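Two complexes follow with chain A in common, the first pairing it with chain B and the second with chain C.
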Partner chain A sequence: MSRAARFKLGVIKRTVELTIDGVAVEVPEGATILDACNKLGIVTPTLCYLSTLTPVNACRVCVVEVEKARVLAPACSRKVEPGMVVHTDSERVRHSRRMVFELLSSSVDMSLVSGEVKGWIDSYGSDAARYGPPAPPAKVGERDARHAGHHHAVDGSVAETVAQPVKIDNDLYVRDYSRCILCYKCVEACGEDAQNTFAIAVAGRGFDARIATEFDAPLTDSACVYCGNCIGVCPTGALMPKSEYDLRQQGRWDEARQTVTQTVCSFCGVGCNLDLTVQDNAIVRVDSPLEHSVTHGHLCIKGRFGFQHVQNLPD
Partner chain B sequence: MDLRLRGSDPTPAERATVDLFLLSSGVSEQANGRAANTGHEARAHRHLLLPALHSLQDEIGWISEGALSYVCERLTVPPADAYGVASFYALFSLRPRPPLVAHVCDDIVCMKKGAEDIIATLQDKLGPESSEEGAATWLRSPCLGQCERAPALLWQRAGSDDRSHAPASSEAVGRLLADGLFDAPERGTAPQTETPRDPRLRLLRRIGLVDPTDLDDYRGHGGYSALRRAVRLGPEGIARELADSKLMGRGGAAFPIGAKWDAVAKAPVRPHYVICNADESEPGTFKDRILMEEDPFALIEAVTIAGYATGAERGYIYIRGEYPLATHRLEDAIAQARARGMLGGNVMGEDFVFDIELRRGAGAYICGEETALMNSIEGFRGEPRNKPPFPTQVGLFGKPTAINNVETLFNVLEVLAEGGPAFAGIGTKDSTGTKLFCLTGAIAKPGLYELEFGATLRELLDLAGGVTEGATIQAILLGGAAGTFIDTSDLDLPLTFEATRAASASLGSGVVHILDESSDISAVLLRIAAFMRDESCGQCVPCRVGTVRQEEALQRIVAGRKNASGQDDVALLADLVRVMSDASICGLGFTAGVAVKSALERGLLTPQGSNS
Partner chain C sequence: MFGAGGGTSSYQEIEDTDLIILWGSNARETHPIFFHHVLKGVHQGARLYAIDPRRTSTSQWADGWLGVDVGSDIALANGIAREIIAAGLENRAFIDHATENFEEYARMVEPYTLEMTARCTGVPAPAIRELAHAYARADRAQICWTLGITEHHNAADNVFALINLALLCGHVGRYGSGVNPLRGQNNVQGGGDMGAIPNKLPGFKNVEDDAERARFESVWSCTIPPQNGWHLSQMFEAMERGDLRTLYVIGENPADSEADAPHARKLLEGLDHLVVQDIFLTNTARMADVVFPAAADWCEYEGTVTNSERRVQRVRKALEPPGEARPDLEIIWELARRLGNDWGEPGAERAWDELRSLSAMHTGMSYERLDAMGGIQWPCPDENHPGSPFLHGRLWEEPRGGPPAPFTPVEFVAPLDELNAEFPIRLTTGRRLDSYNTGVQTGGYSSPMRKKESLFLCPEDAERLGFAEGERVQVSSRRGSIEAPVAIESSLRPGLAFMTVHSAGEVDTNVLTSDAWDKKSGTADFKATAIRVERIAAERGARHEVAAAGTSH
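The block that comes next holds the complex of A and B.
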C-alpha cells in the first residue's frame, strides 16, 4: 500500500494547508512535505526513502527550504505544518542536492543506480571528479577493522572512497560494499520494517561506518535467513543475487535481452506476486512489486531464490 | 525475539563480569531464563547494553565475541545490533588489547604543550600505536578535557579504575610504565578560587571550599537550600522564577530553560525524564569537569530540582567516559544522597519521588548532541535524531524530556537562591547571569574563569594575568573546534550571546584558546578537520563524506599543493561548508566547517601557491 493510498482510508483526518513553490496545497495532517510534493507532481530526488520503510532521512538528497527555518529540512520525514512555506528549487536547495550527489559519487561506485537517479546526478550538475583521483581500494577486511575515532593520515592527493573487495560468502547473493551509500534500507528491511531477523546493522563510525554482521562474520554464520529483502530495497546494486552478479562478471548481463514476467509464487498459499526477470529463457532474478498489497516488495528465501526447479530442463 | 548466536562462548571471567553487572542492575538470572526470554520484559533491558559493554571493557580490557554474544543473550539484543553499538565508541576495543592503555591527547591545546614528546616516549617504550600484544599500549586521543593542565593522558586499566594524568610529561610517563604507580589526580585549576579568592564567584562559589566527598559539608555551605525553596515555590513557581531570570541554556544553543522545563512539565504524555548532559567533549572545554569534580552534590541537587519542576521521577546524568574522577565523585555523591533521603521515594521528606542514574559515555563527541545522547542511553548507536519532534515532546524512551548542560543546571541553583528578577539583573539584558570560560593557550594563568556576561575579552585576559610573557596574540579561537577565530581587534568584544552573534562568532562552550605568534594555525585547523571527521557519526552524507573532503582539501591548501582536478580548493571548501551547515542532521555537521571557514575569512590560512 502506498503512502498516498493510506491517507484515503480509515480515520478522518484534518487537512493542513501549506505553500510549495508558490502553489497552495492541502494534505492530511501527519503527511510529510514529500507527500505534499507528490500531490503537486513536484519530483523530489530520494535515495534512502522507500514508501514501505520508516524514513531514516540520512541521505539528505530530498532536502527542501522551509521559510523561517535555519537549516534545510528532509522532505521525506518532515511533517507538514499549517502555513508552512516551502521552496523545493531554490539555489540553496539545488546546492545541497548537487553536493550530496557529488559527495556520494566521489566516494561510492554509483554505476548501477537507476536511470532516474543518474538523471538527477546529471541534472543537478554534480561533478564527482572535483575531489581529485580516487584512492586505491581497501584490502580485504581492512575497512571492517577500522576503529571508531581514528583514521590513517591523509594528504589530500587522492580522494577517499569506500572501494573494497566484494563479499561473496554464500551461493545466493553478494555484498559489494564499494557500492554502498549507507542508506540504511537493508538494515531496516532485515529488521523491524520487514523481516525481523536483525542479521545486519550499521557498525563503526563516520566515514568508516559500514553495514556489518557481528564481528563481520560471514553471512552463513549470521542470523541471515536469505529472504533477500535487503536486495529488494538496495538502490545501488550493492546487494545483488549471485545469479545476476555472475552474469555481470561474465559480461553477459544484457537488459535488452530481458523480459519481466509477473506470476504468483507457488510455494505456499500466501499469494506473493513475483516479477521474474528472464534472459535467454532463464530466470536471472526474482523481485516482488513494491506496490503489491501482500508483499510490499518483500519475499522469503523460496520465492526469491527457489526458482531453479522450473528451469532444470533436460538438455 | 528469536536470537541467533554464533558458537563462541564467554570465558568464565567474562561471564562472571556480565553476571555481576546484571545482578547489580536488578536483572536476575531467573527472569532471563528460557521461559521469560521473550516479549516486552526481555526487550526492556536494552538500555543496559552500554553499561554492560563498559563492565567488560573495564574488567577484561576488551570485548571478545564470546563476551558480546553472552551480553546479547542476557539482554535479548541481536548480536549484529550490539556489534554496531560497541564499534561506535572509541573507548571500546573489539580486538585483544593489553591491560594498560594510554590515551594521549594530541588535540588543539595539548599539541602545543608537548603531546608529541609523550607520544615519542610511548612509541619508544611500547612500540607502534594500538598494538594487540604486550603489557601496555597507547593511542592518540581527541581532547580529554584536562586542558588547563595540559598535556593530558587517560590511562585505561583493565580490572582497575581509569586514571586521568595531567599535567603529564615524558619522564612521568616513563616512570609510570616502569613502576606502575599512579599519582593521586591533580585538582582542577580555577585561579579565581585561589587566594586571594575572587568575591564575585557564583557558579564557582563553593569550589575549593567545600569537601566534594561529604554531603554534610555541602549542606554546611548552603547546599540543598535551593531545593527547599523550589519545593516551597512548586513547579509553577519555579517556572515563573526561571522565566523572570531569563536564564539561557549554556550548552551552545542558548535556549531559554524556563520554556523548556515548562513544556515538559505540561506535556500530557507520561512518564517525564530529565537528563543532565555532562558529555563535555568540545576540544578545549573542561568547565563541567571541574564543577563535577569539586562540587558534585550541587549537580545532584540541581538535577533533583529539574525532576521536581518537570514532574519526572527519574533523571540521568550522562558523563563522558574520559572523566574518571568526576564519575567517581558523582557515584559517591548519588550514593550519599540516596542514603540520606535526598534521593529516593520521599526526597527530603517533601513527599516526592526522584532518583538519578549515572551513565558513562565511551568516547564519542557526538553523544553530546542531545538526541544522540538519548539514543546512547537507550542502548542504540549514538546517532542524532531528526528534529522536530523536539525532546520536550519526544525525548528519552520516546517520552517528554528536559535535557540540560551541567553549567545551566548550576545556574538554576543561583536563580533559586536569589530569585529570578535579581538574577536577571546580573549580566546584560539578553545574557543574564555569569558565564564560565575555559582559558587556554598562550596565557599567564590558564584555567576556569567565571565572569558576568558583558565583560570583555580583554577583561577576561587581564583576569588571567594577560598573555604569556613575551608573546603576541596571533588569533583567538572562541568556542572550540566548532567555534570561530577572532583577533586582537576583537578584544573589546563583550562576551555575551548577542554580541558574539553580531560578530558572527559564538561563545559555544566557553572555550577561549589563545594562539600566539609561535602557534601553527594550520596545524590547529588540520587537527580540527581530523577531529570532525573522526567524530562524525556517519549517518548523513553531508557530514560523513563532507568532513573527509574538508580534511583532504585543507591538507592540499596547507601543503600548497594543487587539486589534481584543477579545482580551486578554497571554493571547494566553501561549497563543502555550505552543504554541511545547510543539510546535515545535527549540530556537528552544521558546525563542522565553521572554524575552517572563519580561518579562511580572517586570512589566517594563506593558501601557499594555491590555484586561487
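The block that comes next holds the complex of A and C.
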C-alpha cells in the first residue's frame, strides 16, 4: 500500500450521489451500497457481512439490482458510483434472496440464528420443505474425508444436508458444523481481520466445502489458541462455548432467565469490555461488544473462558 | 512521564503509526487484544521491532528481533541514541523547542558506539544500526514496553532510557507517536491515578506538597501524614528492621509473588498481625490472623478501572458474591466505621464523585458519561471535554506550553545477580497466554494449551548439559534451590533459561529469583537471576526412576 493511502487523518472525501429505490442519497466516496441503504433506513439482509470483517461476498443474501449491470451485486462490498441506480426490492432481488435462504435452510440447521434472520427467512417466503425430507446425517469424519470432484449422484428424493456429529475435542468450545452456512466469518476472525492465528480455513469444494483445521486435526493438535473470536462472529450457533452447549443439551439454557452485563476483564491492562451472560448467578457465556474501540468484539482465551474462578465454589 | 504517569497514546494510534517497537513485551501472549491493534498497524505497513531476550511469539511477527541480553536494555537504548546522533538523524528542531539537558545526554551516550553496544547487549551492530535509523527516520513511531523493562533493579532508569529516545526524535506529543507502558492488570493505571502509590495523592499530586495535602485534608476531614509512605520493597525492608509489625494486604499474594519468596514468607510470618483481604484463600491469606473474604469487583460490584490508554471504564455487577464475601469498598467502609469514622452509606459512585471533585483530570467523567462514551481517556477536566487520546501535545505548541521535557541521562549497570562459574545460566521469568500471574485466577479453567511449570532451556543447553525433555533437575540460585522438570524451547538461546510463575504449588520459581529491587520505583527484579542446573543427586534420582518404573506399565 502506498504511504499516502495509509494516512487516514485529514483525508477529505468527496461525496457520491446515487439513487436507491427511487430516492436520492449522498454518501462519502468509498462507501458501499449497504452503507447507502443503511443511511436511507432500508433493511438489507446479511449473513456473511460484519462491520469489523472484510467482506467476502460468500452468502449473496444482500444482493441488489444495479441498473445497466448484467448480474446482481452484493450490497455489502460493492462500492457506490456517481449516478448509480439501485433497486433493493425488485422481483429479481427478492427471488434471489429467497433462493439463498431456501437452499441454506434446506441443508443447514438454522434453528439458532437470530430472530432478525428468522424474520428474513419468513418474509422472503423461503420454503425449505419443497426439497424433500433431509438426507440422513453424515457419519463422524465422513464429510471431512471428501475430496473435490468425488461426488455421489443424487436422486432428488431427499434434500442434501451438511448434518454431521458435533465436534467436541476440548473443554472450552464445540463446533457443530451441521449449523455451518460457510459464511467465512470464523475464518476471517481467526485470520487477518483479528486474531491472525490462521488455525482454520475452508477446505473442499462445492457442497463438500467445510471449515477445517490443517489436515482436519483436532483443535488440540491445531494452531488454535482458544481465543473464541470465531464464536463471537458465528451467526448460526455452529461455534459455541462448551458452557452454553452443555446447558442446551441438558435443556437448561433459558434466555428468559439470563442477564447480560457489560464489565471490564481483569486479566491484563488492555481493558477489554466483556458482555457477561449470566443465568442463575453463573456466567454461561462471555462476548465483547462489537462496536467498542478497545476490542472490536474480540477477546483472548483468558477473557472469554477464564471466568471459572468466580464460580468454582466448594459445595 | 513529564508529570503524568501514563502512556501517551491511544490503541488506535498503534494502528496508524509507521513503526512500533515492543521492548521487553511479549504482547502477543500477555496483551493479546492490544496486539490485535499492533497487527492492524503491521498489515497497514507499519514496521515492527521486538526487543526481547527470548524469540517470543511477538518476535515472530516482527520485521526485526533484537535478542538483547537480559538487563542490558539501557546499553541498547544509549547505543541507538548514539547512532542516531552520530548519523545526524536527531530531531534538532524538537530538541531545541521542547527539551532540555540534551548536551549532557549526548555526552553521556557518546561512548556507546555500535561496537561497544553490541558487546554489552549481545545484539549484532547492524541490527542496532538498522533500528536506530528506522526509528529516527519514521514519520510516526511508538515505543511500548512491559515487565521486561520494569522488573529490573534499574526499572526507572530503563524507562528513562526509552523516553530519551522519544525526545531525541520528537516521537511524543503527536498523533501516532508515543511512549507506552502496557499495564499488567486491569487497574494498575487506575491504582496509580488514584494515589495508591506511596508518594502521590489522587491525580498525581505530591504527598509532600503542603498546599495539595491541605486541599485533600479539607475534603477528607483528616490529617494526611506529610511524608512519603513506603512502597512494597521498602515495606519488606521495614519488616526486616522490625519497624513494620502489622500488614493489611488487599488483593495481593506476596507469599507467592515476591521475588526471593522464602525470605518474603519468613518476614510475613514474623509480623505481629497480618490481615488479608482477597477473593481467594491464597497462600498469603493462609498465614493471616484475619481474612476478609472479598467479592470479585470486576463482576460482583461496581466501580471503574483505567486501562493502558488511560481510558477509565466502568465495571459492573453481574453476579452475587458468594457466601459472606463483600466488595472491597464495603469492607474498607465497614472497617472505617468500626474504627470510629462513619462515612455514611457505602457507594462506588459516591467515592468516584468525591475523587472527581479532587482530581482535575477526572472531573469531567461522570458515571453517566462513562456509560455513554464507552469510557473516557484522562485528562478530562470538565463535562464538555471529550477526553484526551494522546498526551503532551503542548510540547509542539508555539510557543511551547509548560516547561521543557528533560532528557534524563542514565548509565548501563549490569544485572546485580552476576553470572559466574558457579551460576553460569541467566534465568528470566514471564507469563503464558492462557495463565495469569500466580495462577490463582487462571488455574481454575481448563486450558488445552496449559504447559507444565518447568525449567525451559534451549535445545543446545539441554544437549550440552545432557538433560532430556521431562527430566527433573535441581535448579539453584544464590538464594535457594528447587526441583523442576526440563522442557525444551527453541525460543531461547544458549545461556538463557525461562520459567513462569503461574503455579508455585508445582514449581516454586520465586525461591530462585533475585532480591534486588529498584531504588527509584520499588520494583523487584524478577527478570535477571543467575542459576545453575544440575542432575538431582544420584541416590534420589534412582528413587525417582524406581517410582517411575513402578507406574509405567
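Keep this in mind: the second predicted complex is superposed on the first by the 303 of 315 C-alpha atoms of A that agree within 3 Å, B and C clash if a C-alpha of one lies under 4 Å from a C-alpha of the other, contacts with A are read in each partner's own complex, and residues count from 1 in each chain.
Heads up, the rule we're going with is that a contact is a pair of C-beta atoms (placed from the backbone, for glycine too) under 8 Å apart; a residue touches a chain by one contact, two chains touch by 3 or more.
Bear in mind that the values here come from a model prediction, so they are computed numbers and not experimental data.
Participant: Since both structures carry chain A, what do chain B and chain C do when superposed there: clash or fit?
Facilitator: fit
Participant: In the overlay, answer first, second, both or neither for which of chain B and chain C A:V63 touches.
Facilitator: The first partner, chain B, only.
Participant: Does the superposition put A:F198 against chain B (first), chain C (second), both, or neither?
Facilitator: In the superposition, A:F198 contacts chain B only.
Participant: Regarding the shared-chain residue A:S77, is it in contact with chain B (first), chain C (second), both, or neither?
Facilitator: It touches chain B, and chain C stays clear.
Participant: After the superposition on A, what does A:L172 contact: first (chain B), second (chain C), both or neither?
Facilitator: It touches chain C, and chain B stays clear.
Participant: Does chain B (first) or chain C (second) touch A:Y131, or do both, or does neither?
Facilitator: Once the two structures are laid over each other on A, A:Y131 reaches chain B alone.
Participant: Rounding to a multiple of 10°, what is the angle at chain A's Cα centre between the Cα centres of chain B and chain C in the superposition?
Facilitator: An angle of 110 degrees, rounded.
Participant: In the overlaid three-chain picture, which partner chain does A:H95 touch, first (chain B) or second (chain C), both, or neither?
Facilitator: In the superposed model, A:H95 contacts chain B only, not chain C.
Participant: Answer with first, second, both or neither: which of chain B and chain C does A:A217 touch in the superposed model?
Facilitator: Touch status of A:A217: first partner only.
Participant: Name the contact category of A:I181: first (chain B only), second (chain C only), both, or neither.
Facilitator: In the superposed model, A:I181 contacts chain B only, not chain C.
Participant: If we overlay the two complexes on their shared chain A, which of chain B and chain C does A:G119 touch? Say first, second, both or neither.
Facilitator: A:G119 sits against neither chain B nor chain C.
Participant: Chain B to chain C: minimum CA distance in the overlay, Å?
Facilitator: 5
Participant: Would you tell me the residues on chain A in contact with chain B in one complex that are also in contact with chain C in the other?
Facilitator: Looking at chain A, the two contact sets intersect at 196.
Participant: Using the touch definition up top, name the residues of chain A that touch chain B in the complex.
Facilitator: Spelled out, the residues of chain A in touch with chain B are 56-61, 63, 71-72, 74, 77-79, 92, 95-96, 99-100, 103-104, 106-107, 129-133, 145, 147-151, 154-157, 159-160, 181-182, 191, 196, 198-209, 212-215, 217, 221-223.
Participant: Contact residues on chain B for chain A in the complex?
Facilitator: These residues of chain B touch chain A: 1, 3-4, 6, 65, 68-69, 78-84, 87-90, 93-95, 130, 139-142, 363-364, 381, 386, 388, 530, 533-542, 544-549, 551-556, 559, 561, 563-565, 567, 572, 575-576, 578-579, 581-585, 590.
Participant: Where on chain A is chain C touching in the complex?
Facilitator: 1, 3, 6-9, 170-172, 192, 194-196, 219-220, 225-227, 259, 261-273, 276, 278, 281-283, 291-296, 298-303, 305-313
Participant: Quick one: which bits of chain C touch chain A in the complex? Just the residue numbers, please.
Facilitator: Touch residues, chain C against chain A: 11-12, 16, 30-34, 36, 39, 43-45, 61, 175, 182-189, 279-280, 296, 298-300, 305-309, 311, 313-320, 322, 374-375, 433-436, 440-449.
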